[in-house]
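Per-chain residue numbering starts at 1, and chain names A, B and C are given in the order in which the chains are listed.
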């Protein structure tokens, strides 16, 4: 067959298409800076990133699963489970006069450890019993939600150690222009009137998520586990015949996803200061999946990246933030996300060779 | 010796094949003991009344799932339809039309409008090759957005009383020993026991469900649905217009979601954007319990209804027992996984010709 | 010339790739032509244009001496051009007679108004055609997933036969079949040939091709590199043509 080579102009087009999500993100920033007063500011951007943390984690969780050719519908409720469980334990320990750091630590660790279980179960059902991922994780969706509601009886859990919120919402650097600089907490002796001038840089949450995401990115790109994830998603048969223990890999993948969802839940407790179950309407898992797909993954498996998932997750949050600052009703973000999602898929198909 | 073993095995297979039915019977028995009011005329009516939504959404999903797809938007199409029909009815009544006409007109127009989301879904899936998960998730968001726009935080109200009467009325009203009236609630003396049997909404729902079940089972359209789900390439090469067919399927799904929304409006005389959201899970679970495979090609409306009944009985029974509905989610999750596992251990269920 | 089916200068491109490059060939009624070539030669693409799955970018197709446009699989089928694909294009979840009637289901009226599937008719007719080909399938109500490879092939062939195919395209008919079943399929092909059908066969099994084909057309990289009468050539020459040792137009 004769291969036809196109001119140089289309090469630019191809590069644009390959990174369309990133370009679109910049476009959104530009548009919202015009339509929304106060959008284009350090505070606002950091706010967006801060609020994105949970979604970054959930999208990262889904990235692994989706690249491996599966799907995890339970992440939203697993997050709720860990949020509620760790909060509950922190509450109990705090009430029993244990020092705050200890109760926070123990609560967090327990929440995390327990959240490995749903993933283990899903993974086993999928890998060993051939239950379709949609169903297995849907089942876990229900079970974890039920357990979560049982623990909290439908009410948020409060009376938690007071240092929580400080840690969760703190920043690395506080600068009072011309006066003081401090790390991790507001400068001492600051007056109420001066707080407005305070410049905050690098939310703790960003440090935290950057750390986690970096590890995940590294694993996916540079380790055997990451390579195998792409292989299993690209062609499970080929992976099996190449000697990869696909079963074990899948179980690990879903456990990882579940663990990250648990991490998101623990983090949520730090961010909000309470433990709360995930309401139905939040649809976290669907947004997490949307983020990953916008970022370039294919639901068929074998394609995707952590970076892409981050761009997708941030884009959705940015949309919400930008739309509300511009005075548009918040529900339009649903419409917007929907349209962008479709756009993502259509572009993906127009340039299949690229991704 | 061997013959009795075979007979035993055959019986077990017989039961295994009908495990869903067995489960339903068992479940009903358990609840009739643990919840005093369950196994009564009233109790059954409650199961049917609340189950209507799941029956309709489940039927919607059945068609889509048989083709190997999924429709995540049915819950919000339902909400959208409830709002549109509520608002239209209010408008028509205010215009001076008699309530019956107003309601009917409002509902019919809603049904037509409700086909649009389905058309869009189908076009995205069939012509733009968007995976059904993504296409219908997007539609979920879009209908949600439009619903909220229409309602602007203010629920629709001031619907004519007739709507309430239809939505909460029953097909048969009887006093012990004789049927007093159909559709119209009779005025009776105090102290006389009135039985209300088969809610109107169930009648309406089942008329459509039965019609479409018939279509699925016995018509060319139904046959092609199974073909598309079983081997889409084979269907294309056999000359079936698969693209058009898929669009029609998503429109069927959208129609049933819309129907469910208009019925919701009659039941609760209001429209709510997320009216159907909690039922999406139930709908999909029912279809799977009913024997369908998410990979497509298999499934029946009858099986789905069975699945819906299992869930509706579960929910009603738990509620009557006073148990918080949290446990329902756990139970549903477990039943779902069990359903799939059973399908694997009894593959003859799937492969046997009939 | 009087070919049953003829393609002239037919070309198909996919983006920058030219899958079929200006190919001309023809098949007579009652003749079997073997279409040979290595993977990527363009054989599948060529037959897909004849069966209506793809549209040619250039060139024309003639059927029964008339220029035709085959815009869809349905067009091809209604003309009498039937294709049996390598993957047989059978729906595993449907039974035997449903597959034979797939896309062309027989309906009957009930209550004077409503059209429903006429299962009895389809079952009876399918039995007839399978019997005429002397094919044994225990129950036509069984789903395809329960049949063996040879039985499935037989169902696919009977489907074409039932619909009065004038022209048959077969893609790897004997691949994945046991020896006995291969022989049966080749016998069937000879039977069909004797009934006046024109047949194109794509196959990698050179011996099978040599045993049923009257003429051979060899493709390489989208081009037709040679045409031979089977009796006037031998497997060695054909292999070297496929692989490209020489490029001779006769």
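Note that a contact is a pair of C-beta atoms (placed from the backbone, for glycine too) under 8 Å apart; a residue touches a chain by one contact, two chains touch by 3 or more.
Since this is a predicted model, take the numbers as computed values, not measurements.
Visitor: Applying the contact rule given earlier, which two chains have the most C-beta pairs between them?
Guide: Result of the pairwise contact count: A-B comes out on top.
Visitor: In terms of CA centres, which chain lies closest to the overall middle?
Guide: Most central by this criterion: B.
Visitor: Report back the single chain whose CA centre is most distant from the CA centre of chain A.
Guide: It is C.
Visitor: Based only on mean CA positions, could you tell me how far chain A sits from chain B in angstrom?
Guide: Roughly 33 Å separates the two chain centres.
Visitor: Chain A to chain C: how many Å between their CA centres?
Guide: That gives a centre separation of 52 Å.
Visitor: Averaging over Cα atoms per chain, report the distance between chain B and chain C in Å.
Guide: Taking the average C-alpha coordinate of chain B and of chain C, the gap between them is 44 Å.
Visitor: Provide the list of chain B residues touching at least two other chains, using ranges where the numbers run on.
Guide: In chain B, no residue touches at least two other chains, as defined above.
Visitor: Once bound in the complex, which stretches of chain B touch chain A?
Guide: 70, 72, 124, 128-131, 133-135, 137-142, 144-146, 148-149, 274, 277-278, 281, 284-285, 288, 294-295, 324, 326-334, 336-337, 340-341, 344
Visitor: Taking the touch rule as given, give the residues of chain A at its contact with chain B in the complex, in rising order.
Guide: Where chain A meets chain B, its residues are 71, 125, 129-132, 134-136, 138-143, 145-147, 149-150, 153-154, 280-281, 286, 289-290, 293, 299-300, 329, 331-335, 337-339, 341-342, 345-346, 349.
Visitor: Can you tell me which positions in chain C touch chain B when the two form their complex?
Guide: Those residues of chain C that touch chain B are 51, 53, 72-74, 77, 83, 85, 87-95, 98-99, 102-105, 107, 114-117, 139, 141-143, 145-146.
Visitor: What part of chain B is in contact with chain C in the complex they form?
Guide: Chain B residues touching chain C: 218-220, 223-224, 226-227, 229-231, 233-241, 297-298, 351-354.
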